[in-house]
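Shared between the two complexes below is chain A, which has chain B as its partner in the first and chain C in the second.
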Partner chain A sequence: MQRYVLRRALNMLPVLFGLTVAVFLVMRVIPGDAASAMLDESPTAAAKEELRRQLGLDRPLAEQYLTWVGGVLHGDLGTSFWTNRPVSGEIRRTAPVTIELALLASLAALVVALPIGILSAVKQDTVWDYLGRSVSIIALSVPSFWLGTLAVVLPAIWFKWVPPVTYQPLWEHPRQNLAQFWLPALVIGAGSSGAMMRMTRSALLEVLRQDYIRTARAKGLAPRSVILRHALKNAMVPVITMFGALVGGLLTGAVITETIFNLPGFGSLTINAISQRDYPQIQANVLMFGLVYTVINLLVDLSYAMLNPRIRYG
Partner chain B sequence: MITRRTMLRRGALGALSAGAAYLLACGSDSNSNSSTSSGGGSAPQAAASVAPATPTTAAAAATVPAGKPGGTLVLSGSDLQRLDFQRTISTPTQNASSLVFSRLASYDPYVDLNTYAMRPDLAESWEQTGDKVVFKLRKGAKWQNLPPLNGREVVAEDLKYSLTRVATTGAEYVHGYKVEPVSAIETPDKYTVVLKLRFASAGLMSDLASGQGMGTVPRELVEADGDLDKRWVGSGPYMLDKWTKGSNIRFVKNPDYYKPGLPYLDAIEWKFITDASTNLANFLAGQLHFYIASGLEQSDQIKKSTKAQIRTFPNLGGTHKMYNVGAKGNAALRDVRVRQAIDLAIDRAQIQELVLGNDGVWAATFVPLGFGEWSLTDAETKQLYATNLNEAKKLLEAAGQPKLTIPVEYSNIDTFAQDELPLMKQMLAKAGIELQLKPLERTIYLQNQVDSDFNLMAIGMGAYPDPDNYLYPTFHSKGTKNYGQVNDADLDKRIEKQRGILDYKERVAYIKELQKDWKKYLYRTYTVNRNDHQAWQPNVKGTFVPKGWDYQGMEAVSLA
Partner chain C sequence: MAELTALQVAGPAHTPALPGRALGGVLRFVRRKPFGAAGGAIVLALIIVAALAPLIAPYDPQQSIRGARLLSPRPAHPMGTDNIGRDLFSRIVYGARISLYVSVAATVLGIGTGLLFGLLSGYAGGWVDNVIQRAMEVMLAFPGLILALALVAMLGASLRNVLIAIAVGAIPNASRVVRGVVLSARQEDYVTAARLLGASGARIVFRHILPNTMAPVIVLASVSFGTAIVAEGSLSFLGLGIPPPTPSWGGMLSGPSRRFMTTSPWMAVFPGLAISIVVFGVNAFGDALRDVLDPRMRG
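Here is the complex of A and B:
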């Protein structure tokens, strides 16, 4: 197992390298640069050229990339063109927001999806199954940005109530923090639960048809024990895969939900950096995305071994 | 249902909120001051022979609203890009800086909406001639009682330092052009600042009063910190308490402010809310005291759901259509007859009705309607710039362009252009002109603009305090924002002449004539300007219209 983990960790390096090179080149190919964006409505050709020089954008591409990589290897992810602050500071500021939202939303998705998916599978072709499948279709169909907007606007009109819009860190003001996060977490969780419900249902149905389940029932085990102790574990492999992808996606930032609920998260930081052509910020953020996804994939793969003893890594 | 378009519109309006009532005009009829006005128009009049006016001219004496001390006002807006407002054009930074940093003079926020009267600020009075401006500073105005200034008095050397810093050569010092007429700054005594001028500049006072980049900054702070990005210490009504990037910025009352009794509020909290619907929801729920509605529909919703005070006035910026008459533009557009034909084919009444829902006014020249004396009247505009399709076709025939195809570029976040240009396309098609609509991602759009790499471009404009602030940079052959590559000797001469007319009434008349003659040039086509709707909660007193980027009027806002 340790060798496997080490091998996977080493495999991450070329992936991350390739990712940063690709993003670096793509951003330089896109027309417009930070100088154009920063000078906004007052640009003159001379001012733009000078700003490009100040930002180092007139240097050869290879030199710009290698300078950045050199900094990364020394723990310096670069300085934002726009704010003149270290980009790592911006990541540190926004990452906790996105991590918290991702974890809460994922939990909400699980809490909603698993029971309904299990109920649907166990009560296949009954009214409970039809209800469960209807709920999953609705969850899949309703866009989270629409739901989020309604969740903010309608209570304001009907009850003169809105969720808090000023971010308070969890460790400083836990109550205010959760007061701001519960609604966006629920919105994202509800939207994400649809696919997970259906996956839980279909995976469980397949497992419930297995011989060992028939044996367990024949032995006289309680139905709850058969489902939860014997069947569910084996049904969770595809669900975990889906869950991992969900968490990975959320950790890179649910931009629209962050915007609607005014959460200063990683997704908004990235979108702003792209529109502002803030290359150091974009490169650092993409590096973080890559790291998050590869680590999550590794954890998901390792979890298979926990769920299914037949799976071994060497 | 809140659409993406509404969301983006709100974001654009948030950035324009500070320019909502920024007039080119300055001064009402009652404000017929000399160039020595201490509360005069943006175009000071007369020559050195006129005696200095007293500080209490009609406009400067506009009553500061009475109010009850205490309370925290909550607003929303976009996040600041950085704190050093002399090195950025970021609107939120400029708006915030106007609370903390004073200027020599400022636009009076308490006179009526269409009037830009100047009032004393750090300068009690000033006298402008063709070659200099002499300011007499207010005695006893202090820096905020924070290190390293610790409440010392604001003196002439401070103004000299600050104006010199604005003019620093460097790409980031984007406001330097405002002091271009200044050749030297002298401080003969502690309370006198003399700006020596390279040339007569009627628009200079307007620039100095601008809420954009012109706040007075202290040398000690900049030298201690290296820049203004870490701390703010100003002499304005509020002090910066805390800026939490991505979340909010908070200001607290300056107890040593030089205007007795002001400010009323204990604090102002500015929440950074980026989503338009979230913004509106917060106002409806009473969590914000101030909101700028994105149009009649939102304004009506606010009226239905709240008892908010709503003020409606013309937005004085707007989107214009800029012709590129340079090498990279369509050659046909270099012929003024083609530009006239395009202008004649536009039905402004229809745009006003269909795009704005009649919630706006005509705009036909470079001075928007609503700038008081500077503007042509609505009747004059409608007469001079009425639609005439037959005339348009004749002009195109005469120019040898009976059929023409013109790409028009616009920013993908310009919601007004998104609504207006398809309608314009239909209108111009009747005259034989095919408009090809090309939305561009904003940074690419800006790049094409500065590279003059376009044919026709929908371009936004902030409301400038004085016609010269707009005319010279945009249309003079040496202008720094002449993206359309205008090189018209006659127009150059007229622009240069108006710069030197210090007599206010004479200059107003001259600018009006230029507007009436605009069809001879037509390097930009103007169509309509929408109205802005400003909403304040009912318990807010002393409300004002931010003129330009200037929120100094918050000094007299109070909560009942």
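Here is the complex of A and C:
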């Protein structure tokens, strides 16, 4: 197991190295110039050149890359073109919002998806199953930007209620914070729950056909105990794999819902950086997205063994 | 003897003409997979609406109608009008064209490129395989929308660039699935036989192995088609998609029109409903297709 963890962690290094190259090249090689984006409508060539020199964009690409990666390795992700402040400060400021949103959304997805998925599997081919499957496919089909829009528009019309717009940190004003976060978390969670419901259903169905379930039933165990204590634990292995894949959905869901609900999170920061063409900030954010995504998928892989000891790592 | 009878029954004299056989296949699909068939009907409706948009839409989708700002749904405007007096029904009908075009083109481009990489990676093996697969891992390390956002941010928001950005996201999965199929096909006797007969590498790949990859590729394409519709909507919604005034379903939910949605909710409801119904159809059809074509991938 230890060797497997080490090997997987080492395997991440070339991927992360590739990420830095990809992010850097996407930002620099493709046409579009930060200097012209930052200056007025029709900048003079001299003004543009001067700004490019100040931003370091006139240096050879390899040199720019090595300077940037050298900084990243020392924990310096770069300096914003616009604010002239370290981009890592902005990331530190906005990350708690997105982390809280992603955790609450995961919780919402689990709370919605598990019972429906279990009911669907246990009552296979009954009206409950069809209902559950319809809910899951609807959850998969409704885009989060529409659900989020409706979540803002409809309560405003029906109840004259709008979600609070001033952000309050969780540890300072927990009640106001949760009043602001529950709706966006539910919107992201609903999107992720569709895939999770389906996976829970099919994984549980597969496990329910196994011999040890028949044995447990033959021993006279109560059906509830067979499902919750014996079947569900093994059925969770593929559901957790799915969770790794859903992290991508949570992150992109955060980008969209933070925009809709006016939350000062990492997603809003990225969108703002993109609209201002603040290359260092975009570079750092995309790198962070990739890093988080890769690390969570590694953790998901490693968690299999805890749930299902039959999985051995070579 | 039984075999002979079967052959006789299936012989040319008893085989219906091709359109009849296709119709029989469709009817069998409808009977066995009613949910999937309903999805297929929605996709077909999308294609028809997109193709016949000028005949179906009563108004020009980009033209403001004098004195028709923010009208609620009524016979003359079944989905109402928007904040600058454009008929929403006409915009949604024309928006079907954009959705269909972007999703089909992005799917063909993305899955096609992934297919080529997968074939090359699986058949060539060695360092070629290694380099391609590491590159795919890097691409997979980005959540799709983030990758698309970064690409559109750099390339600029336009129909072509949105299409490219969405297509790029489909490449790694397609390449991995195809590579897997190629690796197992390489061990098959028919590939060895082709090689012994002196067939070139390209002939083996394109003539013998490629047809085997079609079932999983079609299934992947159906998934990618739905993802592309949502991705286009999301990018347009974030203001990084197809620039206005081109009617895009996602774009209709963003921008200045949002300020009017609490007083004119039809502006929020109909474009999202259109996307949801189409993606629902694509998902239901894709699921049924997967069950029929590739039972190994059943979820």
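By our rule, the second predicted complex is superposed on the first by the 304 of 314 C-alpha atoms of A that agree within 3 Å, B and C clash if a C-alpha of one lies under 4 Å from a C-alpha of the other, contacts with A are read in each partner's own complex, and residues count from 1 in each chain.
One rule holds for everything that comes next: a residue touches a chain if its C-beta (ideal position, glycine included) is under 8 Å from a C-beta of that chain, and two chains touch if they have at least 3 such contacts.
What you are looking at is a predicted structure, and each value in this text was computed from that prediction instead of being measured.
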item	value
Partner chain(s) touched by A:22 [first = chain B, second = chain C, both, neither]	second
Contacts of A:293 with chain B and chain C, given as first, second, both or neither	second
Chain B versus chain C as contact partner of A:156, first or second or both or neither	both
Touching partner for A:259 - first (chain B), second (chain C), both, neither	both
Contacts of A:141 with chain B and chain C, given as first, second, both or neither	second
Which of chain B and chain C A:275 touches, first, second, both or neither	both
Which of chain B and chain C A:167 touches, first, second, both or neither	first
First (chain B), second (chain C), both or neither touched by A:83	first
Overlapping contact positions on chain A, where the chain C interface meets the chain B interface	30-32, 146, 149, 153, 156-157, 259, 275, 277
Contact footprint of chain A on chain B as seen in their complex	1-2, 81-82, 89, 170-172, 174, 229, 244-248, 271-275, 277-278, 280-282, 284-287, 305, 441-444, 446-447, 449-451, 460, 462, 480-481
In the complex, chain C residues that touch chain A	134-135, 137-139, 141-146, 149-151, 153-156, 226, 230, 233-234, 237-240, 250, 253-254, 258, 261-262, 265, 268-269, 271-272, 275-277, 279-280, 283-284, 287, 298-299
Touch list for chain A against partner chain B, complex	30-33, 35-37, 39-45, 47-48, 50-51, 54, 82-84, 93-94, 146, 149, 152-153, 155-157, 160-162, 165-167, 259-262, 264, 268-269, 275-277
Contact footprint of chain C on chain A as seen in their complex	14-16, 18-19, 22-23, 26-27, 30-32, 137-138, 140-147, 149-150, 153-154, 156-157, 198-199, 202, 247-249, 251-252, 255-256, 259, 270-271, 274-275, 277, 282, 286, 289-290, 293-294
